[in-house]
Amino acid sequence: MLNMPPFKSHPFDDDKLHEECGIFGIFGHEEASAHTALGLHALQHRGQEAAGVVTVGDGQFHSHKALGHVGDNFNSENVISELSGPNAIGHVRYSTTGGTLLRNVQPIFAEFDFGGLAIGHNGNLTNTQTLRKTLIKRGCIFQSTMDTEIIIHLVAISLYSSVVDRLVDALRQVEGAYSLVALTEDSVIGVRDPHGVRPLVLGKVGDSYILASETCALDIIGADFIRDVEPGEIIVINAEGIHSIKPFAPVTSRFCIFEYIYFARPDSVLENKNVYNVRKAIGEELSRESRIEADMVVPVPDSGVPAAIGYAEASGIPFELGIIRNHYVGRTFIEPGQEIRNFGVKLKHNANKAKIEGKRVILVDDSIVRGTTSMKIADMVRAAGATEVHLCISSPPTAYSCYYGIDTPEREDLMAAQMSIDEMAKQIGVDSLQFISIEGLYRAVGEKTRNEECPQFCDACFTGGYPTVLTDKEGGNNTSQLSLLSERD
Amino acid sequence: MLNMPPFKSHPFDDDKLHEECGIFGIFGHEEASAHTALGLHALQHRGQEAAGVVTVGDGQFHSHKALGHVGDNFNSENVISELSGPNAIGHVRYSTTGGTLLRNVQPIFAEFDFGGLAIGHNGNLTNTQTLRKTLIKRGCIFQSTMDTEIIIHLVAISLYSSVVDRLVDALRQVEGAYSLVALTEDSVIGVRDPHGVRPLVLGKVGDSYILASETCALDIIGADFIRDVEPGEIIVINAEGIHSIKPFAPVTSRFCIFEYIYFARPDSVLENKNVYNVRKAIGEELSRESRIEADMVVPVPDSGVPAAIGYAEASGIPFELGIIRNHYVGRTFIEPGQEIRNFGVKLKHNANKAKIEGKRVILVDDSIVRGTTSMKIADMVRAAGATEVHLCISSPPTAYSCYYGIDTPEREDLMAAQMSIDEMAKQIGVDSLQFISIEGLYRAVGEKTRNEECPQFCDACFTGGYPTVLTDKEGGNNTSQLSLLSERD
Amino acid sequence: MLNMPPFKSHPFDDDKLHEECGIFGIFGHEEASAHTALGLHALQHRGQEAAGVVTVGDGQFHSHKALGHVGDNFNSENVISELSGPNAIGHVRYSTTGGTLLRNVQPIFAEFDFGGLAIGHNGNLTNTQTLRKTLIKRGCIFQSTMDTEIIIHLVAISLYSSVVDRLVDALRQVEGAYSLVALTEDSVIGVRDPHGVRPLVLGKVGDSYILASETCALDIIGADFIRDVEPGEIIVINAEGIHSIKPFAPVTSRFCIFEYIYFARPDSVLENKNVYNVRKAIGEELSRESRIEADMVVPVPDSGVPAAIGYAEASGIPFELGIIRNHYVGRTFIEPGQEIRNFGVKLKHNANKAKIEGKRVILVDDSIVRGTTSMKIADMVRAAGATEVHLCISSPPTAYSCYYGIDTPEREDLMAAQMSIDEMAKQIGVDSLQFISIEGLYRAVGEKTRNEECPQFCDACFTGGYPTVLTDKEGGNNTSQLSLLSERD
Amino acid sequence: MLNMPPFKSHPFDDDKLHEECGIFGIFGHEEASAHTALGLHALQHRGQEAAGVVTVGDGQFHSHKALGHVGDNFNSENVISELSGPNAIGHVRYSTTGGTLLRNVQPIFAEFDFGGLAIGHNGNLTNTQTLRKTLIKRGCIFQSTMDTEIIIHLVAISLYSSVVDRLVDALRQVEGAYSLVALTEDSVIGVRDPHGVRPLVLGKVGDSYILASETCALDIIGADFIRDVEPGEIIVINAEGIHSIKPFAPVTSRFCIFEYIYFARPDSVLENKNVYNVRKAIGEELSRESRIEADMVVPVPDSGVPAAIGYAEASGIPFELGIIRNHYVGRTFIEPGQEIRNFGVKLKHNANKAKIEGKRVILVDDSIVRGTTSMKIADMVRAAGATEVHLCISSPPTAYSCYYGIDTPEREDLMAAQMSIDEMAKQIGVDSLQFISIEGLYRAVGEKTRNEECPQFCDACFTGGYPTVLTDKEGGNNTSQLSLLSERD
């Protein structure tokens, strides 16, 4: 990239798991591209490093992709008006292995015998390497390192004739998690994988149907929420209306439970539950499970706030802003040689010393990944004079990597995969450390109990119970070398 | 500016008063510039459009100024290492009339017969135009449209010999509000005007004294807070230590009470009071004054949060995040022609519909300026299904412009200057509208009552009682045309 | 492209035919990428809008492509050191239909069953559309709108096993003009099409063989010229040395005669002739054919200079700089409403009035395409006071489009396709207009006469005699719509 | 500067003296700014690093300044239309000591008791340091490190009342060389210093008078040349017409003779002589003085071309392009570790080997400063096979620094100040080295002989005879430290 704009970090980006993508689609709207840009803006928390929109009208497709935020790249009359046509899909992306090259930004577009097709994908396939090798052997030329391109090639070589039949043919060959939006000359298509691991919702504004990763993308454009796209469902929206098929063998739904804990926006409603309410409920469960005596409940801003409110309500201990966030994120300051204690965390947070000095503090955070930030925050709070520091986490210990579209470290870097909870508490430097139990978590999302045989959610990052086979990983193909080419542009 | 970086808006920038500047100084530290950059980062909420640092060592001054955030411009080894020398001052600025030209960025530096001098200023002078005319007549050449340059010229033509004497000579001729940091070849100087309208604190890290607008700038570098610089005090820090003089006739202290309400960061301690605690106390007073029955207290994020916590605690009504903020600010989206209801506010906020539908809601916000955003938020909350919307404001009605370094609209644009509270409630579209009383506000900051003869704070924006004469305004000199030149660079 | 650097126009860019590409390759050199960057800099006149380099070492390919000049994008240690490996190819490109998207910049790289392969192409294929349709029907996914990608797909689906066999298989299916450099894991390959329309030379520095479009790219790195690659020859350079094959049916060589007239650099030697010497010889022939009486011979700078020197020498009329070029090209000035006579041409040229006032002037230029610039220059010279203006052109009338990698207007825009020479003279506004005859041109390049049956050069732009079939054009496939997608990036 | 555009080097920039500025002014034209931009474009060779324009209309001044070329910064409707008003001045600048800060770009603007005044300056003052110290002592605040700012302050403190009287008052105190354009609310003023060292011409288009450094800036906008502004003359252009005064004591005219040799554009007419004709005449004189036998005369492109044409004509030896220039300048390529012979010079020039191999070559260049480039060119020509290399220089040996606005090295870096001509020939590696004699030079510019008592031109760089006192230099004030501040912006 020439003159790449400085990336602005995710406001909660330290030591967190990251959702990798958000998707959006709209059919039959005279301002399809402007609405797509707004929908993607509402989904920006699902991917901050790049965004793309493809539209179609009168048989001509239009595309614009850019590194950086939606609001920095899709805010000009110029861009929006070139993205003409009544049908559009869009994508936001958090970059992972393979680097942030423009050619890796979605939606992917390709031309086929039947015409053009663009696809935006949230999730991750688990047999990418295996399929890629086969396809290259057949003479397919890959233009990116994205797993999504596999689907494009499978569609291209399918022997079926209709787009939908070719797409089904392709999807039957892939494994893993995928919510997709697709755009053809005359339709917008939404797909959710058989387990429904990643979210996808259906909405409507005026006569136009909309597909989006979360309901907050419907709210921003004043659209009504209709329903979740169902696991294994393909919804085709075209001039004749909406048409649903379920071409895959039925399996149990396994929606990602971490969407409730951290990934989704609190104002979204996913699978009939408001995310904010679930987070408060987790806080309440956590309070009941932990039973700590303290002077105040302090959230680690901003993601710990809803659970902390729930915790405070349930326990009767006052909720206080004992840590203040600097809204101006500056992750690249030069650290002075004369070391400043907790330097990195202080660029974003400051303990509210006047408030917590001499007090017993319950910190509420959503998860512990590597543990590095937790250590610094605990130390900062203690340095500000807290007499006791208790850390309560609104998820069970994260002990397994995710292969379904979440950026997780290798297992050996997950603190909970390497230590007992007591060891973690000691390492982090807190007086006590409490995770919500897996059962408590299931209660908070409204289940009586976790169905051990056939869990109601994907909770593999806590339990190691992956809903699909992991072909690449098991075949030793899970290599980070996706290409013979290293490129800068 | 060639290739000016896109400005990122203040996260709370709609329809708010704006603090215009933050200042920082450090003496005798081997990493003076790196620490100044960090201090300015902690003060970024006081000015987002430009930042500057001047250092000095071995008689050579070094300067770097840039439009944009501190974290985007003072984050390279290159910049920091060119800013060598053990003494430094810095400045962040919110741009106002005159445009955002680089030559209007502070600190201002000039050479004098006695050597170099750099000045950074928080506040605003009220006899700028009058003095400027006189100085131009005398043959002074102005290089900017900043009021601060007046001080530079007065120092240059002073007949006194020492820098401090010249500075005192200059300051005796200016009127208005000013907290200053100044840098000479061998000293760092801090000044607060006789009324102490704007804040300035003294701290220390190792053997190095520090001056900063707020204590949060001490915390980020691990410095200890010593005390507030007193109104009318000049503190000179040099190799011999610290030296304080009070060269002005004593007048009553009139610290800006709005610093507690909104401008300062919640974790700062100013004039011995923690800002967060004051805000909570205002919320408590407001709850006692308003006595509304409702189902939940909802802050307008993020500035309404502390008062809402206080309100909820005092009233026993649950505190809920009924409005969710989008952390990715995008103020320049193209508004679709098919109008989206409350478009502008939705780019930043979304009502948490699942939470507030069918509920009686108390919204807590810090102030109403033009009222435009309040209308949209009230409408958005009602559209999400709230049955009653009550708006409680943690400041008295803002009915007068500020001339002391706060960006306020003309009086005719202040909603409270044009309407009664009932009219405002109707215009905004809420079931009730409640401002904290001026007496309640004084109680919240720890005073028994407001001393009507001689108020303990500057509250002119609420009461019209300005602590100084307003020479330019009264002389009709308060023209926005500061220069014969309009310039782009 | 984000923040695309402003394109600097070709210094001779008005109303000229444009060479579209330059290519370079080097094998077995420890500074392969630095030398490739220098070679491309020497070939910059063959393509100014984009440049790319691909290197390979230890099985890993490295690529960098950028819009703009070589000297602006391949001048950092960073870029050069990331382009590691002892073998490299590079490409400069003048953009044509399809826009200047980064993904259209060469060399193209792709992965195959046998490993990686990168290709850089100078020339143009004439059955692109026909082959592309067939390949898409087969399931091939195209990533660009470049004709060169056809070759990549043909290689991918070839049933042969070795790279060279697959390449031959592919090239046997394409029609048109191509000089290629290709890079595999262990070789650099050079190819010239059976007619040898575009140039390609072989050189050597130390033990490293080099391929380049022109000898000037050898000179810059101090390499020795060995010989031209022959028409229809494939040269494979690998660790065992150099290996030549001629897999195509032999046809007559038809080297592009316009390379001598304008495209190539004057210091290059192509097909055993020094370009500067040929241009002088054309000027001499032109003088003999035209026999004009005048006071001075004035070149249209800079491309008319060598022919003007030849003309002056042969005629004995003094050579004078009667038109001065502004070295600072500024093609995008705002034209004032109060029209300035010959505005566009004056940004680049000025008549040297003191020299030409009252004089009879022979202007020497290399070609007339649309005639627009010629009109302005003639008018400018006359306005400066020349009493007679005679225009002598060192090429025959350009009356046919080129389909072999030269950017020419449609035939209806070629002045010589629409008018007689007399009409042209009148339209341009000169006292006489003289083109060199086709026979005179052949004499100047050293031939006795043009072999009418089987011409020794490609002179189709003058005669309409195209050396290959033009499948796309004849099949009506010569559409400018290469893709269903319009894209900005 | 944020994101400073890459500077494009002067096409002839190696080892040359550099003119530092070009100026332009226009009065009473409805497209004053667009015409000023064009005039500055024609003067770009006099300064490439920055440009500025100030306009005035209805009492409001408008300014735009930028680093880089005119054509890159004054080419948008936006910029031109903001520069409104019928009167304008402009400036191009080659940066020297003090760095290329935007605040050092001219024209300088300031406000005075009488209104606004902008000044653009070509030349250099020789008592800057002395005056600056005095003015600072008086309380003047300097905003730049430019000598021109001295004039601004002297005008500001002058006790006279009219602008012109104040300007005369100021100029009587400065020493050195200056051609000025100045802009007031109702006039454009042109000034040439008493010796007339730097050029300034008067022209007219329609009813609008124009001032410009050279006549080529009149030609580009179709203006007529009227006359040179005379040494010591002040021309005031206002609504009443044109008014000339000569307020200084008369001294001999001493126009810079190097303007003819190299600085000015060949198509300009200065002091009644066409620059191209003078250069040819120098070449003719040089031929008569040197009398070398050779096969060809080869110019060092491009500045050596006119003298080489004159040399060839006078000697009868053929003129040939034996060195070819690469039009794409790339001064920042990474030099490979495996050293390439004459690397730097090869980025710009290539010997036309096929032409010069086995030949006796006379190289013609305009001057030798440090001699570094001459060495490389001579070596390159010899390496290409020339049997003899004779170097003829169209100026006398440059043995003294210039203090009048030309960027020259310190005297110890001038080759001719350190060596005899024979030593220089040996060092450069040529068979013979010939400079034109000072007498030959005077003959070429039309003088019978140099008046030794009172030379007709400033030829100080050859003879050391400076026309003015050099107060700063003699007072030891010629320090490169112009400011206590080092700044980046």
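Per-chain numbering from 1; labels A, B, C and D assigned in written order.
One rule holds for everything that comes next: a residue touches a chain if its C-beta (ideal position, glycine included) is under 8 Å from a C-beta of that chain, and two chains touch if they have at least 3 such contacts.
These numbers come from a predicted model, not from an experiment.
Trainee: Taking a step as a move to a touching chain, how many steps at least join subunit B to subunit C?
Mentor: Graph distance in the chain contact network comes out at 2.
Trainee: Report back the single chain whose CA centre is most distant from the CA centre of subunit C.
Mentor: B
Trainee: How big is the gap, in whole Å, between where the Cα atoms of subunit A centre and where those of subunit B centre?
Mentor: 37
Trainee: Hey, how far is the Cα centre of subunit A from the one of subunit C, in Å?
Mentor: One centre to the other, that is 49 Å.
Trainee: Which integer distance in Å separates the CA centroid of subunit A from that of subunit D?
Mentor: 61
Trainee: I need the residues of subunit D touching at least two other chains; which ones are they?
Mentor: In subunit D, the residues touching two or more other chains are 3, 5.
Trainee: By the touch definition up top, name every chain pair that qualifies.
Mentor: Every pair of chains meeting the touch criterion: A-B, A-C, B-D, C-D.
Trainee: Provide the residue numbers of subunit D that touch subunit B in the complex, in ascending order.
Mentor: Interface residues on subunit D, with respect to subunit B: 1-5, 59-68, 73, 79, 82, 102-103, 109-113, 115-116, 136-137, 139-143, 152-153, 156-157, 483-489.
Trainee: Of all residues in subunit A, which touch subunit B in the complex?
Mentor: Residue list for subunit A touching subunit B: 3, 5-6, 8, 11, 30-31, 34-35, 37-38, 41-42, 44-45, 48, 69-72, 74-77, 80, 206, 216, 219-222, 265-267, 269, 274, 276-277, 302, 305-306, 309, 313, 318-321, 324, 326-338, 340-341, 346-347, 350-355.
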